[in-house]
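There are two complexes below, and they share chain A, which is joined by chain B in the first and by chain C in the second.
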Partner chain A sequence: MGNQQTELDAIFHALGEPTRRAVVQRLVRGEASVSELASPFDMGLPAFMKHLGVLEAAGLITSTKTGRTRICRIQPATLSAAESWFEDQRIFWQARYKQLDDLLVALGGKNDET
Partner chain B sequence: MKPDLKFRFLTDTTTHTLRIRREFAAGRALVWDCYTKSELLEKWFAPTPLVTKTTHMDFSEGGYWHYAMVDPEGTHYWGRMDYRAIEPVDRYSSVDSFTDETGTPNPDMPSADWDVTFEDAEIGTLVSTTVQYASAEDLQKVIDMGMEAGLASALENLDALLATLDSKGSAQ
Partner chain C sequence: MGNQQTELDAIFHALGEPTRRAVVQRLVRGEASVSELASPFDMGLPAFMKHLGVLEAAGLITSTKTGRTRICRIQPATLSAAESWFEDQRIFWQARYKQLDDLLVALGGKNDET
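Coming up: the complex of A and B.
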């Protein structure tokens, strides 16, 4: 429970920033080098590396160095912890609204009779 | 023919917000009633296998709905919806918080601001709901709470349930 809490906290902090979110979105499509990831952004490399550090600390991405190139990859298991909650919420609302449909049908039928 | 109810569920972690849009095949006044009268709210607010129980309802600005969602084991998840602004048949805003059985808000748990709007739509009524938490930390707390309460596991059988509801829906 304690670990779960820390993990989710870090995930939401990490994803609560547009640059980092864009990096995650890019990496979902496949691995990429740091320079490749940094190119769409108008910011210095040190600042960009800081963002990558936050994502790595949250367990959202991993990186490995091959020669002079650092390659980043998404860590799908971590991403799913937050996503599964949202999925639960989506199902919750969907189920709730199906019930409202049924209720509206029942109430509509009653109105027709009177 | 089964109407296209256009269910949309969007999450925004930057603003700690859930946005839910859904159309209903009924007039605005009737949909409004289902949101604002406790005897009707109880019939849909908690998805099966949970049921909703009301202990207090005063749908007016400054009033509140004190309710519980009860699981099949009898565990009560108490909550309270405080109504802030009401424009009948158009919109209302409220604050949803976790409470105990007396209705006292739990100071350790975050509340969420709800904004619900009702608009005429082709098939009836479009309801748009925004559920916003004050911070990412608040949203994370609610997520932990949901996991702790086992709500996620209680909903595991929902796919089967949804299939049942679907076949019921298309039978009309």
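Coming up: the complex of A and C.
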């Protein structure tokens, strides 16, 4: 539980920044080298590497170095864990909305005509 | 696009903190007063109100004051917007995994036996 909380902290923190989200959006389409990933951004390499470090620390990406090239890959399980958190919340608020709907119907509202 | 990015920044930033996630997890079950929300936390009210302010600025909750009581409510549309971002990413990585599966099958792998 504590660990899971810490993981969600790191995942959401990592995704709360547009450059890092853009890197994820690129890597879900397939692996890429650091230089490919960095090329769309008007940013020094040290600053960009820092963003990659935040993503890697959160478990959202991994990277492996072959010769002089570092290749980055998405970690789908981490994205799934974060998506599950939203699903868990949705179960509750959707159930509550359904109760309100049912109440409107029970009160003789015109809910079934809309 | 720019606005949407700013919204996602604020939403993920807000959710990257355990107290704020706990407040969301409480409010998806139904509205609550600030004092009800604050009671499980060993935290001064000013610090807790700051967390509520971050959630409200991100559009995750709203609050209305009646007399001396401030009632907070979840904003499901904002949770849905963030969940959609994960769905968008999943479409890509799942498609890529399917391609890999298909490739294994085409190569005569034992994919259909597992």
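Please note the rule applied: the second predicted complex is superposed on the first by the 108 of 114 C-alpha atoms of A that agree within 3 Å, B and C clash if a C-alpha of one lies under 4 Å from a C-alpha of the other, contacts with A are read in each partner's own complex, and residues count from 1 in each chain.
Note that contacts are C-beta pairs under 8 Å (C-beta built on N, C-alpha and C of every residue); 3 or more make two chains touch, one makes a residue touch a chain.
Bear in mind that the values here come from a model prediction, so they are computed numbers and not experimental data.
By the document's definition of touching, of the two partners only chain B reaches A:Gly108; chain C does not.
Contacts of A:Leu100 after superposition: chain B is touched, whereas chain C is not reached.
In the overlay built on the shared chain, the residue A:Ala77 is in contact with neither chain B nor chain C. By the touch criterion stated above, A:Phe92 is placed in contact with chain B and with chain C alike.
Judged by the touch definition given at the top, the superposed model places A:Leu15 against both chain B and chain C. Once the two complexes are overlaid on chain A, the chain A residues touched by chain B in the first and by chain C in the second are 5, 8-9, 12-13, 15-18, 21, 82, 85-86, 88-90, 92-93, 96-97.
Chain C makes touch with chain A in their complex at residues 5, 8-13, 15-18, 21, 24-25, 28-30, 74, 76, 79-80, 82-83, 85-90, 92-93, 96-97. The part of chain B that touches chain A in the complex is made up of residues 5, 7, 9, 11, 13-14, 18, 20, 22, 24-26, 30-31, 33-34, 40, 43-48, 136-137, 139-140, 143-144, 146-148, 151-152, 155, 158-159, 161-162, 165-166, 168-169, 172. Within the complex formed with chain B, the residues of chain A that make contact are 1, 4-5, 8-9, 12-13, 15-18, 21, 82, 84-86, 88-105, 107-108, 111.
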